[in-house]
Each structure stands twice: as structure tokens, then as C-alpha cells.
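Letters are used for the chains, namely A, B, C and D, taken in the order the chains are written, and counting of residues starts over at 1 for each.
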Amino acid sequence: MRKKVVGVIGGHSCTKEVEEIAQELGKKLAKVVEILVCGGLGGTMKAVCQGFKTASGVTIGIIPSYDKNDANKYVDIVIPTGLGLARNVVVVKSADVVVALPGEAGTLSEIAYCLQFGIPVISLGLWDIKGVIKLKTVDEAIKKVKELISKSVASRDCPRRGLSHGKIRTE
Amino acid sequence: MRKKVVGVIGGHSCTKEVEEIAQELGKKLAKVVEILVCGGLGGTMKAVCQGFKTASGVTIGIIPSYDKNDANKYVDIVIPTGLGLARNVVVVKSADVVVALPGEAGTLSEIAYCLQFGIPVISLGLWDIKGVIKLKTVDEAIKKVKELISKSVASRDCPRRGLSHGKIRTE
Amino acid sequence: MRKKVVGVIGGHSCTKEVEEIAQELGKKLAKVVEILVCGGLGGTMKAVCQGFKTASGVTIGIIPSYDKNDANKYVDIVIPTGLGLARNVVVVKSADVVVALPGEAGTLSEIAYCLQFGIPVISLGLWDIKGVIKLKTVDEAIKKVKELISKSVASRDCPRRGLSHGKIRTE
Amino acid sequence: MRKKVVGVIGGHSCTKEVEEIAQELGKKLAKVVEILVCGGLGGTMKAVCQGFKTASGVTIGIIPSYDKNDANKYVDIVIPTGLGLARNVVVVKSADVVVALPGEAGTLSEIAYCLQFGIPVISLGLWDIKGVIKLKTVDEAIKKVKELISKSVASRDCPRRGLSHGKIRTE
């Protein structure tokens, strides 16, 4: 059966405070979703993977290079795309719902892709962009992920047509 | 000799007003840069190509699909990537300097990539993001492009190292 | 801990005979490797996933489109790349060892990528290309995969340097 | 007006003999096609670009890295994809007709993509694969390119439908 996938995006370097939030987020996400997908590198990505693993979740790291060793040690399955920054598209598109932690331009591009694809994206604190679901605490985010994941399964039975390469939705 | 390339990004649908700005921009850009690169589809992309062609510039359309017919008729050379939205990376990376016209999530992802790569990006009016050069008129944009293009040639002699797939700069 | 990944490549349509071989291969692979990666569509890809699932393995389908529904029903985790045929690179690069079943031009491109990356690729019957490990039976393939997977773990500690985007190895 | 594009593929290192053939090929191709697209690096790619430039053609180099400096000096317009080997797809898909010179696994993957897309591919000497047009001399290749280019224009008016990401043609 198709597994539910949560994506977490955020900077590859982060403060100690954000690191702790990412770990807590990962730990709690693992109780509501089986698979975590992320960019696979350090910073928030490493912290969220670490948290997700403590609760026995399976972590997938979709990395920009071809070298599996570039992935952090909490990644179970490495997808070494070699696509550079174009891998950002693959990270968010693989997820049924995305949570954005603080980051910089890379995270911004991923949020933009979520909006373009119509993938629900929750922001914890930082990002204030139209279309993003802004929440304040990890627990609020978990509750929202739970709710969105159940919807995403239903919507898979009746996929949004009209999203093709030639005609791309922008809201 | 390596040709100078300007990129223009913006929505694939646009108002009549933006369309006219895009055409004027294209026409004037062709007098300062030889090659225009864009996403190759309709809206602002079509209008800027049309303008660029009236002044005998060469236009390249880097499109998301595999079908060259998806490109607008003012595109001289079609690069049918088949990469979907991942082609956004290729569009901006091909440019020495980028001008952003109004658009939506797709344009936002392209601006984000410019910031991540360190490619100078000029916004005409709409986008208010840290790191973007905000200008008001087409003539101001042309002047800035001219200035940046000359710098870009110099910097090519001493490329920014440290930007690799594994270690991506985010500012 | 990093999971071992086997890749299986082959046509998206196949004869009943090849389908049975693919199912048997999948079933037996699941006893020696935890994760199967493939192109996620029909034909040999569907059959090998089906076999792998009967033995409780986890299947990943790296598909060309953005629509998770395009993946066959035996895929647990869909990576909807939207990259078109460029996804072939990602399929093989994700694997520690690859088994090639009969296919056509798409499978040929994947074998070529294996050779270029230095990923060991076993051919069951059909492909006769220098550098490919030709074997006759599923059991021979399983034995070889087992042997290669153990080596791949060791070699990960000392990655092949010199394979970068700018300087690509071709043997 | 849409420009005609010829693609040339081949190894990034080559013998003196192949280098001379590539130069001659480039020189003669420039008299029948306006635009040359290639992988943009050294070896056959550099030699064919050099030849094409002596006859005033415009050369495009679609390179695997993000660094425009990786392109050889005879490339007029660099498309720095950052896609690694996935750029092979973009190289051949940009061409209306492809000529293959000797190469290794990378060239093989490009030939495979030509076959899958239905792009006519001429082999000079080396490659003996079903579906490839084998010719012996540069002049034979030029004659064939001329013939195929005129056809490709006609066929653009009535594009082959059914080639989408989900349903890929393999012959």
C-alpha cells in the first residue's frame, strides 16, 4: 500500500534553537507519518532526520550530488540525484505535505514549488508568503499534518488534472 | 567568443500593461545584450521575446516539456528540457543577469534560485525580496543590466569557487 | 543505518515469460536486499515490485511524471520527479547494484549510465554490452547481487573520487 | 523563425584522428545548419565546435556543471544545467538530428535517448545499434543531415503526439 510521505525543508545550517525544534518535529512527525523526505544534508535536515529515527520512522534524503556520503547519517535511503538545485523540485513533489523550517534562498525555492504544485506547506514561524499555512508550535504543525495527510490520500483517488509540463498552475 | 546572456522571468499569463512593459524591455535589452534566455512559453515570456526580436536579438526558450511546439513563435532556439519545473534552474543559471517581471510561484522559485546562485536579479515593480534589485522603469533596468553584464564578463575570469552540488551557497 | 538498495531496470511492456522472471527475481531479491528501486511504471517494473512485496521488501518507484498515480500499485514510495527520461539517471544512481531485464532504448540508456557511474550491472539474458555482467538464471543473479552488495558497503567508506559533474568518467 | 539545430555527440577525450574528423564535420555542418548543440566540454565536442565556428555557425554547449568556464572556448552560448549526466537528455532533445562520433558510455546513453525520442541519429563508423543510421564519411553524414533537417521542419507542423512523460515510446 502506498505510504504517506511528509517533507521537511529548511536551511543546511541552523541555530541550536532551530535544531532542537527540528528534532522535536521529526520525533513527533514519525508518530503520524511513515516516511520522511528531505534534502538529506546537514542543519535542519540532519536534525529532523535524527528526530524521525528516534521514533522508528524511515528517512529518505534526496541529495543534490551523486555521492551518497554527502547525506547525513540519519538518512536511511539516499537518492543521489546529481541534479544540483533542481533536486528541490523532487524533494517537495515527493511529499504529500511539507513543513518549512527557517532557511534561506533554497528553502524559498522549495516553498515556491509547493505553491505551484498545490502541495500544502506549513511554515513554523519564519516564512510569511501568501498561500503558506503559518503556525507557531510543533504541536500545531503535527495536528495540521495529520489532518492534511488524511485528505491527501482521498485526493489521490481523483488527481488534479491540468497540471502538466506545458500548462503549469500558478496561483 | 562567449556571448552575453540576459534572462527574463515572469508569469505565463499577464495583463495587457505588463505585456507592453515586457515588449519594451525586450526591445531595449536587445540593444545591450546579444542573447535572451527565458522560459519560452506565453505571457511575459512571449512578449519579451517579441520585443527582443524586433531589435534583431537571438532568443532562447528553455521549456518544461519535450515538445518544441510549446514554445512561443518568437523563440529562435528551443531547448525542450522535459524537466518540468526543474527547468527553472536552467533558465536562470544560463543568464549572466536576470530581470523579473510580475509572475507567481514559478517566478518566485526562479528569483530564489538567482539569490542562491548569486546571479544579480532586477525586479521591475513587484517582487520585494531581500537581495533583489528593485527598480521602477524599463530604462533604469536597461542601465543596470548594462552595468552588470560588463561586470559578469570580468568575474568569469575568476569564477566563484565553492559553489558545488554538495555545498550550496545560500545567502 | 544506511539501507542497501538494488535497482531493477527493464521494459514497461514485456512478455508473460519475462514477467514471470521479473516476479521471481523480485521475490528472491527481497531476501537479500531491503530496498528495491525501479522506474515505477508497468511491465517488468510492476512485476519485479510485485515479487519484492510478496517477500516484504520496500519498493521505491522513481517515475518520469509528477502524478503519483502513474506508479504501479506495488510501489510503496513514489518519487514523482517530473524529469521525463532524465529520471533514468536517478533510478540507477540510487542503486548499489543493478539488474537489467529485457527492455528497449530506455533500458539501454540506464545500462549506459551504470557503466559511466561504475555501478555494477547484471544482465539476465538479453544485453550484450562490454562491462555488463551477463548471467543466465535468476539464482545466479541473486548470488551475484549478494556478493556485490557486500562490496558496495565497504566501498562506501572510501568513495570513488574524481566523479564530478565537470569530469565524468567513461570507461 | 525557428532555427534548425544539429546535435553532435561523442567522447570528451578522443584520438587525433577523431579530432580531425570532428573538426571537418563541424566545418561542413555549419554550411547546412545554423545552430550546433553539443555537450560543450572537450575532445570531440571541442573539435566539432571549433570546426563549426570557422564557418560562422553558432555553437551551444549544454554542460553538466554550473560553471560556464567548464565549456570549451568555441562554445558561444553556455547552458550550465548543473544536472550532471541528466543533461545528456537535454543535449539530444534540443537537436533536430544528431551525429554520433566515437565515444563511450556517455555517448551510448545519448544514442539510446535519440532512439527513444525518435530523433534520427547518424553514426560515423563506430556505433552499431539497431535504429542508428550508419555512414562512413563526413560527406555522407552531411548529405543525410541536410535531408533529415528538411524533413524535421515539416514534421514540426504535425508533432508526434503520444510522447509524454507517462507514456514513453521505445522502439
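Odds and ends about this structure:
By our rule, a residue touches a chain if its C-beta (ideal position, glycine included) is under 8 Å from a C-beta of that chain, and two chains touch if they have at least 3 such contacts.
Keep in mind that what you see is a predicted model, and the values were worked out from it rather than measured.
Set side by side, the interfaces B-D and B-C show unequal numbers of C-beta pairs in contact, with more at B-D.
Summarising the inter-chain layout, the chain whose CA centre lies farthest from the centre of chain D is A. The mean-CA centres of chain B and chain D are about 26 angstrom from one another, to the nearest whole unit. If you average the Cα atoms of chain B and of chain C, the two centres end up 38 Å apart. Counting only residues that touch two or more partner chains, chain D has 66-67, 81-86, 89-90, 117, 165. On the side of chain A, the complex with chain B involves touching residues 11-12, 41, 63-67, 70, 82-86, 89-90, 103-109, 112-113, 115-117, 129, 131, 164-166, 168, 170-171.
Here chain C touches chain A in the complex through residues 1-3, 5, 35, 58, 60, 62, 66-69, 75-84, 89-90, 93-94, 117, 156, 159, 163, 165, going by the rule given at the top.
Put simply, chain A touches chain D in their complex at residues 66, 81-86, 165.
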